[in-house]
Amino acid sequence: MKRHDALGVLVIGTGRMGADHVRRIEEVTSGARVVAVVDVDPARAEQVAAGIDGCRTYTDPVAAMASPDVDAVLVASPGVAHEAALLAAFSHDLPVLCEKPLTPDAASALRVLEAERRLGRRRVQVGFMRRYDAEYLKLKSLLDTGRLGRPLMLHNVHRNMASPPWWTSAMHINDSVVHEIDVTRWLLGQEITAVTVLCPRPSVNAPEGLQDPQFVVMETDGGAIVDVEINVNCGFGYQVRAEVVCERGTARIGDGRGMVVNSAGQWGGTIAQDFIERFEDAYDREVQAWVDATRRGEVTGPGVWDGYAVAAVCEAGVRARTEGRRVEVELVERPALYR
Amino acid sequence: MKRHDALGVLVIGTGRMGADHVRRIEEVTSGARVVAVVDVDPARAEQVAAGIDGCRTYTDPVAAMASPDVDAVLVASPGVAHEAALLAAFSHDLPVLCEKPLTPDAASALRVLEAERRLGRRRVQVGFMRRYDAEYLKLKSLLDTGRLGRPLMLHNVHRNMASPPWWTSAMHINDSVVHEIDVTRWLLGQEITAVTVLCPRPSVNAPEGLQDPQFVVMETDGGAIVDVEINVNCGFGYQVRAEVVCERGTARIGDGRGMVVNSAGQWGGTIAQDFIERFEDAYDREVQAWVDATRRGEVTGPGVWDGYAVAAVCEAGVRARTEGRRVEVELVERPALYR
Amino acid sequence: MKRHDALGVLVIGTGRMGADHVRRIEEVTSGARVVAVVDVDPARAEQVAAGIDGCRTYTDPVAAMASPDVDAVLVASPGVAHEAALLAAFSHDLPVLCEKPLTPDAASALRVLEAERRLGRRRVQVGFMRRYDAEYLKLKSLLDTGRLGRPLMLHNVHRNMASPPWWTSAMHINDSVVHEIDVTRWLLGQEITAVTVLCPRPSVNAPEGLQDPQFVVMETDGGAIVDVEINVNCGFGYQVRAEVVCERGTARIGDGRGMVVNSAGQWGGTIAQDFIERFEDAYDREVQAWVDATRRGEVTGPGVWDGYAVAAVCEAGVRARTEGRRVEVELVERPALYR
Amino acid sequence: MKRHDALGVLVIGTGRMGADHVRRIEEVTSGARVVAVVDVDPARAEQVAAGIDGCRTYTDPVAAMASPDVDAVLVASPGVAHEAALLAAFSHDLPVLCEKPLTPDAASALRVLEAERRLGRRRVQVGFMRRYDAEYLKLKSLLDTGRLGRPLMLHNVHRNMASPPWWTSAMHINDSVVHEIDVTRWLLGQEITAVTVLCPRPSVNAPEGLQDPQFVVMETDGGAIVDVEINVNCGFGYQVRAEVVCERGTARIGDGRGMVVNSAGQWGGTIAQDFIERFEDAYDREVQAWVDATRRGEVTGPGVWDGYAVAAVCEAGVRARTEGRRVEVELVERPALYR
């Protein structure tokens, strides 16, 4: 259960991801609050902190971490700044959620690893958020049951509408396939041992000089083959798909209808077993919407008129069944309050 | 933005729904906390309150509402107790989230309506949570654009695995179709004017004497026809489906892959436009999981080893592309801390 | 096995359906040929008969049936002409495939029934072609296994792009729902005992005065409830859907991906078990296309160049696997004959 | 239009595929008949020829081709026998449908090519039947419109339930991927220039020593990358899938519901525009079933009782609408003839 002393979070970096995390902690997350934000641009930090009770702003992460109300750090600055931020957090013994990448290259990542190892306990969670996606979680659960046997192949598709102007051919791997690399390791529980990249003639939609799309083939120490279509100018939307091919069946996510499994002569998926499972998110949103509106002094959801009108239809419905006939519904005139 | 003084909620009723709402407010909802719970059974109330800092228990809702830290009330007691709870909340001028039904019949609902009207402002939200379901919201948005024209029919399917022992033939309407009644009114923006109920020969799975399934046909003041299959012993799971038939197309939800639209010679749906849209829930879950683990003093997500291993594979991948060959990945030995 | 003396068919009526059946018998059907056609319009009959070896034309069905090479009759004239044609066929003891409806009303249908009964053996097949649709056949097979238990409800959707100018509100039933009526009787093996029709406010796309769409509810002597959305100006295409709700599961066809079954916590369908099942239609089309092209003195399909090029790639592929490396494919220059 | 002198076909090879083609030509194909069959095993040839009017049997293909009633040859013997059969057919100037492979290797294929080139006109169609599959045809049509832009990648999945005992690791390419090789060339209109094969650790379901599954990556002269999962012991069924990734969208077939296209923010497919399109196959099967039954002296389809019962329900339905009430259906007692 939540303790009423919320976790005080310091957010480093208030760009797109950082600002979104600040909003998330303040408006969505239970049990945490943003106590300070850091940005090299003080104006941007001020803008993000505005309207949050007691939220301070800093330009220096190290100074910010010294504050006693900082219980944890969320690092959302550019990748090149991560190593310093992480080492500073270690020196303050603060737990960290670090947006991906951990650091921009293996050598610096290894330095962070050594530092955490010297600390003797794990303090860092890396922002590979696909491990928290409902579909990937379902896929992971299914694989972990062993019901489909050992994984042999993993086919991935990763498509973006269009690449931003500053995108490079290396970012296909470093910024996009990075997710499939983590997903492969997590889903299969195996390390990747070799990589091959094939490049078709670039799409007409790719900026001049950009190698897009790319086709990445990876091998793992468990003997699995993994392929990734990475296509950052597909032109129609954002799409992520994964299909695991196992010895006794396959499972695919990302087609927008949960997980579809092929097994034993059947394709298909599971059906929710009760309304809590089906409408859990709706209940969560309902209560959050009510709390938010109430704090603003408003009522925004279905109200008493709706409750009354529904009750009147229910009465007519029960009568229609017991009397075996069409029954008309009578409502009082709708009061002005409910118009 | 969230104020740090969380909304103090009194939860009335600690049965299945009430206890779930208590858990939700404490663990999921941002900006609210449970300050007290009420139940006619003090032991049940104690059990639910245990572990929540400063959460008091009551057997009398009226006494509970008198407490100054109660900012709002969530009513999750049985329907027959709702009227009294609502009137008490009105007398304390407290905002209410009232689980459906508002009250068990139209006459009592009308009394509540009159009371709120005398109060002169709306205080009550009724728990029709489907209005907060992502698929229903998509359907509502589409209808509201007018792109498909005026709604002509609405086909609904509502299936439950099996009915509990105390279920009656009237509860098909009062407890189940009640949702489709609200959904019809909300989606179409029309009131229901007549109801007919047809009953097939009961299913062999229905308890002796129970009329299950039922087929409900409703007419609206906008000239639409609405049908509902209500089937509480379908035997295979929980399923809710809705298809709106409009003048220029149809839209269906509930087949587990978002909304499928028929229009202009095409069937299909929309594709997410960016990763925020696709993975928003994953980000929310990720940050909540990190906050929860951090408060427990744990690190549960992907860690530094993962960040390092991924960086090493990325380096190999970029090299594989630029050098046009298969590149092997070299990792240091995995330290004990990360095993 | 086919006897080489093909069945001689007389086709009565050479409108849209009749002309299509003539084409079908000549170009698609194995073991039959059109020996004569009848139409009140001799020019239309001539046009359809042109190019068919020895195909005669008539304006009088009775005269046509007297010819000794007529082995069977296909009736595709307007419904009002069916009774006379059927009785004439009975007097010549000829087997008949009669397009739906058998006759336009129950009284005339009863006269045909009495006539066939006096004949003492069945001679007539009625053109309810949905009984030959692959999806309906799958649904029927599943129901007949009893695996899903007894049918309780049958939901149908029947949508047409737009109604022709001469369409009337009665034709919704007589020309469209007529198929669902037959399908209901065939799928469930039950007779229909009562009908109710509900009409929403007509669609803006329906011609002035036409009641479109309509919602038809039928009851059967087996205690099932059947509903049909009939919507002849839906504006987006032609769509036919059927969902049978049984005691232990449901099965739906018409969403364009075979049959989808809900049962025992799972939704899904079956996977083909071998290539013959998956590609049977392709083999049929391939051989028909080859026969047709060969009779025209042409070669239209994949040829020797394709066979050669594929063989060369296969060789490279096998080498690539055994040698564990990328292998280039070498082809001779493509000869002019194959360009 | 069909000439009544059917094409006389000689079928060489009466194993599984050959016997199936004999059945097809006799029972399904319009305008052709089997005049002779050839097999090294005379008993097998006799068995297949039995029951076909005037069908002769041979053990020597060359002798069989000399017969004047042989208009065309279908080669379904083992691949090693194809070259001789094709050359013999060339010497008789007979058109040929040759089951895949054309010949077992590129050198022999090249000899056949040279022979046909000397003949000066194309006589051979190779049995790449996927070019006649409805889904592949749809995909090809879409690509040919250019609406999705140039193809960049083609992802293929090809799965078989289980491999037969005599299967070898080379047959993955020669007998299975051979289809994807042809499909690639046909769909993209490009030749394949290089092949790489990656092998995961073999599936536990693969017989000892068999490299199964395999992952094949091909490059084309148009700059496209093509990958194929070939998996002949997948254990759950037979599945073939193809997804073309183009510059402005993707299209996928093989998920059992026609073609699904991603384009311009939407996923989905097309809806049939009329009942002929939707039910064309049903009409074909209906007429074939009627012809077959009639030739056997039977009536197997819906009959006069069905026509009558449907007419009675239609009458009730029209009355139900015009009178705005539930109308009961009255049927005469069902005569013995129709029970």
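Chains here go by letter, A, B, C and D, matching the order in which they are written, and residues are numbered from 1 within each.
Assume contacts are C-beta pairs under 8 Å (C-beta built on N, C-alpha and C of every residue); 3 or more make two chains touch, one makes a residue touch a chain.
Only a predicted model underlies this, so the values are computations on that prediction, with no experimental measurement involved.
> Assuming a repeat means more than half of the contact pairs shared by residue number, which candidate in B-D, A-C or C-D repeats A-B?
Duplicate interface of A-B: C-D.
> Please tell me whether C-D or A-D has the greater number of C-beta pairs in contact.
Between C-D and A-D, the larger count of C-beta pairs in contact belongs to C-D.
> Distance from the CA centroid of chain B to that of chain D, rounded to the nearest Å?
So the centre of chain B lies 48 Å away from the centre of chain D.
> Could you please state the distance in Å, as a whole number, between where the Cα atoms of chain A are centred and where those of chain D are centred?
Computed from C-alpha means, the inter-chain centre distance equals 44 Å.
> Averaging only over C-alpha atoms, locate the centres of chain C and chain D and give their separation in whole Å.
Distance between chain centres, rounded to whole Å: 20 Å.
> Touching two or more other chains, which residues of chain C qualify?
196, 199, 236-237, 239, 256, 262, 265-267, 269-271, 273
> In their complex, what parts of chain C are in touch with chain A?
Against chain A, the touching part of chain C is residues 260-262, 265-271, 273.
> Would you pull the chain B residues touching chain C in the complex into a rising list?
149-150, 152-153, 155, 157, 196, 198-201, 203-205, 213, 215, 217, 219, 222-225, 227, 229, 231, 234-237, 239, 245, 247-250, 256, 262-267
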